[in-house]
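In the two complexes that follow, chain A is the common piece, with chain B as its partner first and chain C second.
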Partner chain A sequence: MAGIELQNVRKDFGTLSVIKGVDLEIHPGEFVVFVGPSGCGKSTLLRMVAGLETVTSGTIRIGDRIVNDVSPKERGVAMVFQNYALYPHMTVADNIGFSLKLSRVPKAEIKKRVEETARVLRIVELLPKKPGQLSGGQKQRVAMGRAMIRNPKVFLFDEPLSNLDAQLRIQMRSEIALLHRRVGATVIYVTHDQVEAMTLADRIVVLHAGHIEQVGAPLDVYRNPQTQFVASFIGTPPMNFVPAQRFPAASLPTKWNGSLKTVGFRAEKTAIGKSDGLVPIGNGRVRLVEPLGLRALVHVELGDQELVTEIDTLDAPSPDSEVPLGVAPADLFYFDQSGRSLGAPL
Partner chain B sequence: MRRIDWLPWLLLSPTVLLLAIFVVYPALYSIYLSTQNVDPFTHRTIFVGWENYLELAESAEYWKSLKVSLLFTLYTVIPSIVVSLAVALALNAKPYINGFFRTLFLMPVAVSSAMAAMLWIFLYNPTAGFLNYVLSTAGVVGPNWLADPTWSLVAVAIATVWKELGFNVIFFLAGLASVPPELNEAARIDGANAWQRFWRVTLPMLSPTVFFVGVVSVIHSFESFGQIHILTRGGPAGATNVLVYSLYRDAFENFRSGFASAQAVILFAIILAATFVQFRIGQKRVHYA
Partner chain C sequence: MLLLVPALIQFFPILYMVSLSFKQGVEVFAFPPTVFPKSLKLNNYDAALKAAPVGRFLVNSLIQATSITLLQVFTAILAAYALARTEFPGKKFFLVIILATMMVPGEVIIIPNYLTLAKLGWLDTYAGLVVPFGASGFGVFLLYQFFKSIPKELEEAARVDGASRLRFLFQIMVPLSMPAVVAFAVYAFVSAWNQYLWPLVVTQSTEMQTAQIGIGMFRAENEANSWGMIMAATTLLIAPSIALFLATQKQFVQGITMSGLKG
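And then the complex of A and B:
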């Protein structure tokens, strides 16, 4: 178990700046998820921690040691790749035991540890097979076994579940959580799937265009997004945003004077109907109703915007009908010109 | 009754016709000829059965040719695979120089073997040649490469490897491009150094390419003719008289078509056997992803 510290870490590819100064401290044993849209630099940052990419400037520490110029093998990290990166010419047992073989562990010991690891992951019967004979979920377990067997101080996961089908993804997600609880190592987990981020993380790091937008516990980030980007990225469906001038002036707080530009509200907090407690947003036309089961997503066209509400399926209006939308004042988020949160109105 | 669809036959016919005229018929005809004695002037043939083959079996010269051919294969195939793989690895590591150097290495392949051989005649010239000049700057008196029986086969082999190099480099580059980069990254994280990554990951992944290049190179080496014809004409003292060259001399200098045909049949059998053995070995060692 080891902590990780990033100080003003930058990465340039030629003239292109991919990581633009990241500061982050990860505590020993913590499960941290890097989340962000593709191209935000989350994988690059992970690969820099792994030692697969050089650091342009800044320092990366693992434990007490600055590892900028330390080879991946010396860093004591293990990594699970998105496409598993299993060695196709080796059996599952050889794949899992490869790192031990390289460090000249005696054969009998390798065999014992490979079998132990396989038992934990319930893949003992796969040991003599080659990766080409395995299903996606099985490959995923082998890749995890290969990482686990070295008892690394740090686990790095690079979008490990994105090649699996939806059901398997949910199952493997909970297994990764159990695995973390069991081995207790520090984990950095990269994903673009915010559900994975929310469910797995002790803390999530929302990345956007090479810098950190917000770091915090999942629910804290969900409840108090510090920027409009975080608000739109965390939470499904994305938060609705409406220009402040659309609202009746009396219904908005006045303390920020002119700096209030955008008002946001989550779909699940957007009500259809009018009542005294609700700030009215306006009347819109229902374009689409997507029933999810108990709840339904209702897409409403309001002026040139499309807003989404999530309500009980039984209450869903019929398409093309006109409906009034409203939100409770406590459920509004306020953002300035640059997309920064203005905080609570009181 | 089903109607026969003639279109596929029509489209295939030019290829079938060309193969039949220039490959199948000559091949079958040479098998026939190998059992005949052919009069060089009247082209009359007399059936002699196994006699041509028996004469070959008793010919010390022919056994020497076989030995020369095997040595030539040894001298060309292994260096050619090792060097072209090394070149491909170097080019693969530095993609921005790849295009230029790839062209450079491929150029000898595009040059006709006669032109290439002329070039090497100049290089190998014992007194005015560049090779011995370079050796002399290191204080070494170079041999008379093409006229010295101990060096001539090596000299021809070097020229051959040089000429074929680019061809193999292209195949190895294509093979390397199909090795997923994450495999090497995973191996780095697993603690493999560059050498271990090459032996345990890259080379096994390249094994189909190595196998293919190996088979093709062996066949090429047994069929090498142009450079030998120009550089040494099989000499000195038969030191470079490979099977094909011996065959050529018997057919077109000694005008013994039947005897030469028997050699062609044997050469065919040798290449077939060599390829068969390579496939048997390959089955165990080659990993197809």
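And then the complex of A and C:
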């Protein structure tokens, strides 16, 4: 177990700046998820921690050692790749034991530890097979075994579940969580799927265009997004945003004067109907109703905007009907011109 | 089925060679010619082995062709890896230069090579037969194409597992590229085995001469009257390269077609 510390880490590819100064401290044993849209630099940052990309400037520390110029194998990290990266010509047992073989562990010991690891992952019967004969989920387990067997200080996962089908993804997700609880190692996990981020992480790091937008516990990030980007990225469906001038001036707090630009509200907090406690947003036309089971997503066209509300399926209006939308004042988020949160209105 | 026709045409000279090697005396000149010999006596082979040191020629050829093959495969693997997987200044330039060597006809470099080897005192030695063919532009190019198709993540996974570049190359990259490596090795072996001009120029003593030169000697010495014996010697001398091809044809075909598709 080791902590990781990034200090003003930058990465340039030629003139293109991909990571624009990242500071982050990860505590020993913590499960941290890097989340962000594709191209935000989350994989690059992970690969820099792994030692697969050089650091343009800044320092990366694992434990109390600066590892900028340390080769991947000396860093004590293990990585699980999106496409598994199993060695196709070796059996599953050889794949899992490869790193031990490289560090000249005696054969009998390798065999013992491979079997142990396989038992934990419930893949003992796969040991003599080649990766080509395995399903996606099985391959992912083998890749995890290959990472686990070295008892690394740090586990790095690079979108490990994105090649699996939805059902398997949910199953593997909970297995990764259990695995973390069992081995207790520090984990950095990269994903673009915010559900994965919310369910797995001790802390979420939301990345956007090469810098950190927000770091925090999943629910904190969900409840108090510091920027409009985070507000739209964390939570499904994404938060609704409406220009502040759409609202009757009396219904908005006045303390920010002109700097209030955009008002946001989550779909599940958006009500259909009028009542005294609600700030009215306006009347819109129902374009689409997506029943999810107990709840339904209702897409409402309001002027040139489409807003989404989540309500009980039984209460869903019929398409093309006209409905009033409203939100409780406490459920509004306020953002300035640059998309920064203005904080609570009181 | 249609492919059998050209296949038969291709195969006929070899069949006829083997057939002639068993024919006795005037049977060789019988008209119309027969495809199958009347008997399967080995006396032509006996005579061939007595008339010249065929065994020595074969050993020389084996040493020469095997050494060239090993050297070419080794240098091609290293060069192809460097070109396919590392970044260094002038990489494109070196790739073009290596490709350009494929355009230079072998005859052009015979005289400069001969002069160099004469200075080194390597004439009439195995080194003289082998070293000038230690690297192959074609081999580099073939393996370069193949190596580029191997996923980068495999190398990254190996690096995180603790493998050095060389270990990754020889324990993962090369095993995964076996079809291409084997195809190239067979190609290198057969081309080396079939060399005629260079061994003729660089060897002087009978002890150093190779199989191809041996066949030439038979023709020169025996004029036209003992075709049976000449063909017996020829059969002995080309058998190894045919055997090699038969043994590896699956990989050979796979290697050529796969690298072609991915090129």
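Please note the rule applied: the second predicted complex is superposed on the first by the 346 of 346 C-alpha atoms of A that agree within 3 Å, B and C clash if a C-alpha of one lies under 4 Å from a C-alpha of the other, contacts with A are read in each partner's own complex, and residues count from 1 in each chain.
FYI, contacts are C-beta pairs under 8 Å (C-beta built on N, C-alpha and C of every residue); 3 or more make two chains touch, one makes a residue touch a chain.
All of these numbers come straight from a predicted model, not from anything done at the bench.
On the shared subunit chain A, the superposed partners chain B and chain C overlap sterically. Of the two partner chains placed by the overlay, chain B and chain C both lie in contact with A:M79. When the two complexes are overlaid on their common chain A, residue A:T56 makes contact with neither chain B nor chain C. When the two structures are aligned on the shared chain, A:G132 is found in touch with chain B, with no touch to chain C. Of the two partner chains, neither chain B nor chain C is touched by A:T313.
Contacts of A:S162 after superposition on the shared chain: neither chain B nor chain C is touched.
Of the two partner chains, both chain B and chain C are touched by A:Y87.
Comparing the two interfaces of chain A, the one with chain B and the one with chain C have residues 50-52, 71-73, 77-79, 81, 83, 85-89, 98-99, 102-103, 146, 150 in common. By the touch criterion given at the top, residues 50-52, 71-73, 77-79, 81, 83, 85-89, 98-99, 102-103, 132, 146, 150 of chain A touch chain B in their complex.
By the touch rule above, chain A contacts chain C in their complex via residues 47, 50-52, 71-73, 77-79, 81-83, 85-89, 98-99, 102-103, 146, 150. Those residues of chain C lying in contact with chain A across their complex are 151, 153-154, 156-163, 167, 172, 175-176. Listed in rising order, the residues of chain B touching chain A in the complex are 180, 182-183, 185-192, 196, 200-201, 204-205, 207, 287, 289.
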